[in-house]
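Some notes on the structure that comes next.
Labels run A, B and C following the written order; every chain starts at residue 1.
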Amino acid sequence: MVGISGWGAYVPMYRVKGEDIAEHWGADPTTCHSLGVPEKSVAGPEEDSVTMAWEASQNAIARAQIDPSKIGMVFIGSESKPYAVKPSATILADALGIAPHTMAVDAEFACRAGSEGLRHALSMVDHGTVEAALIIGSDTAQGAPGDVLEYTAASGAAAFVVSKENVVAKLIDATTYVSDTPDFWRRDGSPYPRHGEGFTGEPAYFHHLVSAIKELMERNNITPNDVTYFVPHQPNARFPLKLAKMLKFPKEKVLPGLTTAKIGNTYNASAFMGMTRVLDIAKPGDIILMAPFGSGAGADAYLFEVTDRIEEVKELAPPTDAYLDRKIYIDYGMYLRFRNKIKKLVR
Amino acid sequence: MDISPARIWREKPFSYRLEVLECPKCKRRYVGNVEECPKCGAKLERKRLPRKGRVIAWTKVVQVPEFAEDFAPLYIGLIELEDGSRVVAKLVDVVEPSDGMEVEAVLRRVRVDGQTGLIEYALCFRPIL
Amino acid sequence: MVYVCGAKVYPVGRHYDKSVVDMALEVSGPLVRECGEPEAIVFATYLSPFQEDFDNHAQLFAEYLGTDAEVYTVASGDGSGGAAISLGEKLVKAGYKRVLVVGSDKTNDFHSKHAVEQLTTLIAPYERYYGTTYSSVHALAARLYMKRFNLSREELSQWAVVMHSNAIDVPHAQLRFPVKIEKVCSSNVISEPLRLLDAHPFSDGAAAVMLTSESSPVELRTASASSKLTVANRDLTFMDSTYKAMKKLGVDGVDAVEVHDAFSIAGLIALESLGLAERGKAIELLNERPKEINPSGGLKARGHPIGATGVYQVAEGFSAITEGLGRLGKVSSFLTHSTNLMGASTYLTYLKEV
């Protein structure tokens, strides 16, 4: 039986309010509320996707109760890598005590790179290639100053340990659906992404997720009634609810994992973050449908069944809510400073 | 400031994992990469210090070195770890530290070499969650 | 026996027009002409390699001085000056007739934030990479000391008040103006609880002392010891190396003392580590004998040209014994205390009228 044996989240403690952002750009102050994201998490000046990944991983490893040296693959998905060339995965493997006998991968697929890693990990562990794998989604998400993305592009990380032992969420099945869809992109060397605005919706987010999820549900012959929690990718707090409606999932099955409503879209950690919160509250026997999405575009749909072990390990690391609730508000000026958006002396 | 690749590489055991060298005979401790205890000659063993401790004293540093300007103000703490050993390290995620505050080690950036150089990571301490 | 036959100091301040070698020559030229050619030169400097992007000062200095004396450079952090005196004494004891000890250093060639960064090189790598500063090490000591001995912010400020008033009558001192307690207490924070007026200024300067085996008006003796550099491994409220060096020196009473008060708190701790005051009581000693403690104004007010400071202290002691120094006037014995990073090492020099 292969599945998730440990989960962990990390969210920086700083928050900036959408209304504050709007005020600085002369925008409608209700914009953030219509997106369902009143405020977003901001990484501090000494944080980046690696440091956030480190803490989420520590939490996942603690819950998996695994000797880090047993982990045979470290896979991090991020679109905010500290280095364009130099792997984040080796920093993490070394700092977490996993190195040296491990694979180490940095992947890019917009917000879905971490999920690609989860698919690889489940397959490789199931096949016996590695005993366990550490999968991380981590981003200090970029949004160009003044762009609508700035209201939602947030910072956070989520990590899973995949193994056959100590499983808390057994994999039932997974599907993937990809196509060349130019909904959101960032060219090499550009500091901020661009996007097709409305085009990110129907042909991208909704089409790919619906396709992957429908295939999964048909293949396993299930209906929304069979699912306890539905955790899709959440670029804002509106899209996931609309998606749920299209697929006939009641709102109540989406809200527990809708962490974007509290901290914004953490890109590669988006659906993963929701999943960590759902695992914090899940009961043995619960069925979870997690569906990450990445622009460019692709979606995955996973069906997990929660095992009895979950109750034994929840307390081994801070729950996701501990991070969601820990917050200090900073103003827009501090936000610009923390995220290195102020023109400074170049050295 | 230049961050040397060799230095941050050799300092990893301590900066990433709080690993020190301990003499099995005389129990002296060293931070670095020596083979034998300089005092008694025994082969040194790697040992990981506990990740948790408490603040003995702290200072908010306003006049910071140039390389730390992006992180100002800095909070530097004298920390007693669970096994009684002490370290001087940076406190992060603090608004107003206090003596006796319980802290745990977390990986953070400590130096960034301009726009093109290396990023130095090290364990810092923040209030236990 | 080792004697001091002469000493010269360059005014401490901002000398944009002078290099480290220039300042060293300004004080050494007259001294050599007065005392005679040295057989060896011990050159103390610490920050100048960072400031001037040049690190072979002693050689250039010797060339310009026009001597074929053997040349050594000493760098023991901010205690370099004291270390150079200590080595000079040993060379004389080993048989040299004259040894020139010169300390010369700069901190002002760049923006002060560079000097702040350069001074972090005093701190062990594993404690330094976070941005730990020279001031923050002293700040931790201040926190611990103030808590342990119940010292108030106002009491701590008294150090600066005394140092500034001592410096007024010292021509080569950098900060020759009085300050009031309230001003010290409300000056800008550098590293809590330490404020700008608790701190040494950024100084450039040079001092030279000629040591000799030939009988002269002032006799010199040194004693030094080391302790721990790692800040975490120390009792920050005490300087172990100072205590050990003082035991080696074996001197009971002195007329006046120059201690290494890079920050106010270090001055208090130094007096206690020297055994001149009981632990926690240095502030009382300061109030009782203000003119005898750092009559030059100390690092705080005379200034702190990092690697040269220890040589200044000995030159000042020589002046105090031979002609009088500032408010102190003339004395017959004098102790100087130079340390590397707040007591990682201590270099003591005892001067006595012959």
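By our rule, a residue touches a chain if its C-beta (ideal position, glycine included) is under 8 Å from a C-beta of that chain, and two chains touch if they have at least 3 such contacts.
Not measured: the values here are computed from a predicted model.
Comparing chain pairs B-C and A-B, the larger number of C-beta contacts belongs to B-C.
Taking the mean of all protein C-alpha atoms as the reference point, the chain centroid lying nearest to it belongs to B. Distance between subunit A and subunit C, defined via averaged C-alpha coordinates, is recorded as 57 Å. Between subunit A and subunit B, the centres computed from C-alpha atoms are 30 Å apart. Residue positions 71, 90, 110, 124 of subunit B are each in touch with at least two other chains.
Subunit A makes touch with subunit B in their complex at residues 13, 44-48, 50-51, 54-55, 82-83, 91, 94-95, 97, 318, 322-323, 326, 328, 337, 340, 346-347.
Here subunit B touches subunit A in the complex through residues 12, 16-17, 70-71, 90, 92-93, 95, 106-110, 114-115, 119, 121, 124, 129, going by the rule given at the top. Within the complex formed with subunit C, the residues of subunit B that make contact are 1, 7, 11, 14-15, 31, 56-69, 71, 74, 76, 78-79, 85-90, 99, 110-111, 120, 122, 124. Remark: subunit C residues 111, 113-114, 116-117, 120, 124-127, 129-133, 135-137, 139-140, 143-144, 147, 188-194, 230-233, 236 touch subunit B in the complex.
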